[in-house]
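Remarks on the structure that follows.
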Amino acid sequence: MQQEVWEDVMIPKMSIKDMEAFVDEVFPQVMGTFHVLDIAPYRVKIRMRIRDDDLRPGGTVSGPAMFTAVDCAFYMATLAMIGPQALTVTTNCSIDFMRKPALGHLIAEARVLKLGKVLSVGDVMLYSEGMDEPVAHANLTYSIPKSR
Amino acid sequence: MQQEVWEDVMIPKMSIKDMEAFVDEVFPQVMGTFHVLDIAPYRVKIRMRIRDDDLRPGGTVSGPAMFTAVDCAFYMATLAMIGPQALTVTTNCSIDFMRKPALGHLIAEARVLKLGKVLSVGDVMLYSEGMDEPVAHANLTYSIPKSR
Amino acid sequence: MQQEVWEDVMIPKMSIKDMEAFVDEVFPQVMGTFHVLDIAPYRVKIRMRIRDDDLRPGGTVSGPAMFTAVDCAFYMATLAMIGPQALTVTTNCSIDFMRKPALGHLIAEARVLKLGKVLSVGDVMLYSEGMDEPVAHANLTYSIPKSR
Amino acid sequence: MQQEVWEDVMIPKMSIKDMEAFVDEVFPQVMGTFHVLDIAPYRVKIRMRIRDDDLRPGGTVSGPAMFTAVDCAFYMATLAMIGPQALTVTTNCSIDFMRKPALGHLIAEARVLKLGKVLSVGDVMLYSEGMDEPVAHANLTYSIPKSR
């Protein structure tokens, strides 16, 4: 709790175009899955395209697909502020599944609540595209690698 | 995730005065500790008075005191919508401690994200009075007793 | 916290063979991914086969694959005790990622710590096959549908 | 997830007597509350004495008292391995409340699952003294200050 805030990083260091190119490069296996809708200070909004493999009987989306959306959204929100450091990794994710998602794509809104030298802490609200009420909400902590 | 929403409970069932009287009655040992600042649909804002026992060396507030503020704020946010059901109990709390609190009272802003028949799910942002940045953020789930 | 324990369900209601057949039936898209190694009262141990899609650069396994292993292991640990109720769903998962997994299959050991009428609560320790120290640890809560 | 393990700290650096003296010194306001029952590698077991203030109507123990027991047990389990570094602080605690505690003292069993250079990660099982089944279970992460 004593970590200093990165006072100098108020302005995102990555644009939407930078972010999409970076994610496609480091995670080629999810190429084209994520579309960045907005980047603002300490905030990123993304859309995750759902594939057939992500669907579940009863016309819904799998838990792992929701986890993926939440995890990637917070990764991007952190990288937007610190720059493209691929080794930034999840240390904790606490996710509440609140409503059955609709059969469609996911929208994730991530916010960084505390950007320390070592840890980035925040949350993500997850929606089914076109629905008003969130389907899940998660708190995440990411570990930031030492700068060189 | 399949629980139905209580569509009919958009308007809080308890006023600020009701809530403070109820909390004093069921938790006499914390009498006067909590001051309800605002009640709105699915939202409650409270102020928790810090006592000497809650302080820690270095001029800060203890973790258990922060937990108490978070837990009570979400309890009140849930009761505001369902009415004074004392047996509503915490089933899960995941709390991120983000900044060292100042030596002073706490402000907690709770919101209910999903009010089901059995569970109430949401989060709380916790502040030191007078500081802009949150000191902690928590996700909570409460179990709602069966209506009679 | 006031829920009664299902005192009468000490003996698992599903065998390893039952469980594998049930999972293949309700989740055909993961057919053959999970191998149940052991079922004991309130305990299930599984092996999850990692596919090429689950790998990440640097010779490791993706976070969503680890989440899948954890979530499915606890689902099976709960169903083993209550019987094959497909509508049992995750309400919360808090996962700590502790070590980089090796390039190989995953072993998940789930235990149910509290089996109530409405909720099943417990945890899962996740290993890379052949490694001694856990790669992740998670607490989970599942919602159990009303019996008919 | 890439943090190296402190391979050299297999043997606890603090005895039961050291630990009790240290806690009394840095937290004088809880003097005499905690009794350390056992210290083993990566494990600590404590007993927390419940005071009148910790009781709740209906003959039970408050949530904040349970949080205190869990948090202090994991603090001691971490310090036992790294030595008396008072600035070690909680960054995350995810706690599941599973059963109503009895009217009596609490027993907490903490284990460190991952001791990195920056973070200590593990869990705590909490019991009412004399009861077999746990009343709560928590996952915790502590931040370890830089060595001098």
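Every chain is named by a letter (A, B, C and D) in the order it is written, and numbering of its residues begins at 1.
One rule holds in what follows: a contact is a pair of C-beta atoms (placed from the backbone, for glycine too) under 8 Å apart; a residue touches a chain by one contact, two chains touch by 3 or more.
If you're wondering where the values come from, they're calculated on a predicted model, not measured in any experiment.
Annotation: A-B is the more contact-rich of the chain pairs B-C and A-B, by number of C-beta pairs in contact. Chain centres here are C-alpha means, and the one lying farthest from subunit D is A.
Mean C-alpha positions place subunit A and subunit B at a centre distance of 27 Å.
Each chain gets one centre point, the mean of its Cα atoms, and the points for subunit A and subunit C are 24 Å apart. Chain centres here are Cα means. That of subunit B falls 32 Å from that of subunit C. Along subunit B, residues 1-2, 89-92, 94, 96-97, 121, 141 each make contact with two or more other chains.
The touching residues of subunit C, counted against subunit B in their complex, run 1-3, 87, 89-92, 94, 118-119, 121, 141, 143, 145. Against subunit C, in their complex, subunit A makes its touches with residues 26-27, 29, 53, 55-57, 63-65, 67-68, 71, 89-97.
Only residues 1-2, 5, 94, 96-100, 113-114, 121, 123, 133-135, 137-139, 141 of subunit A touch subunit B when the two sit together in their complex.
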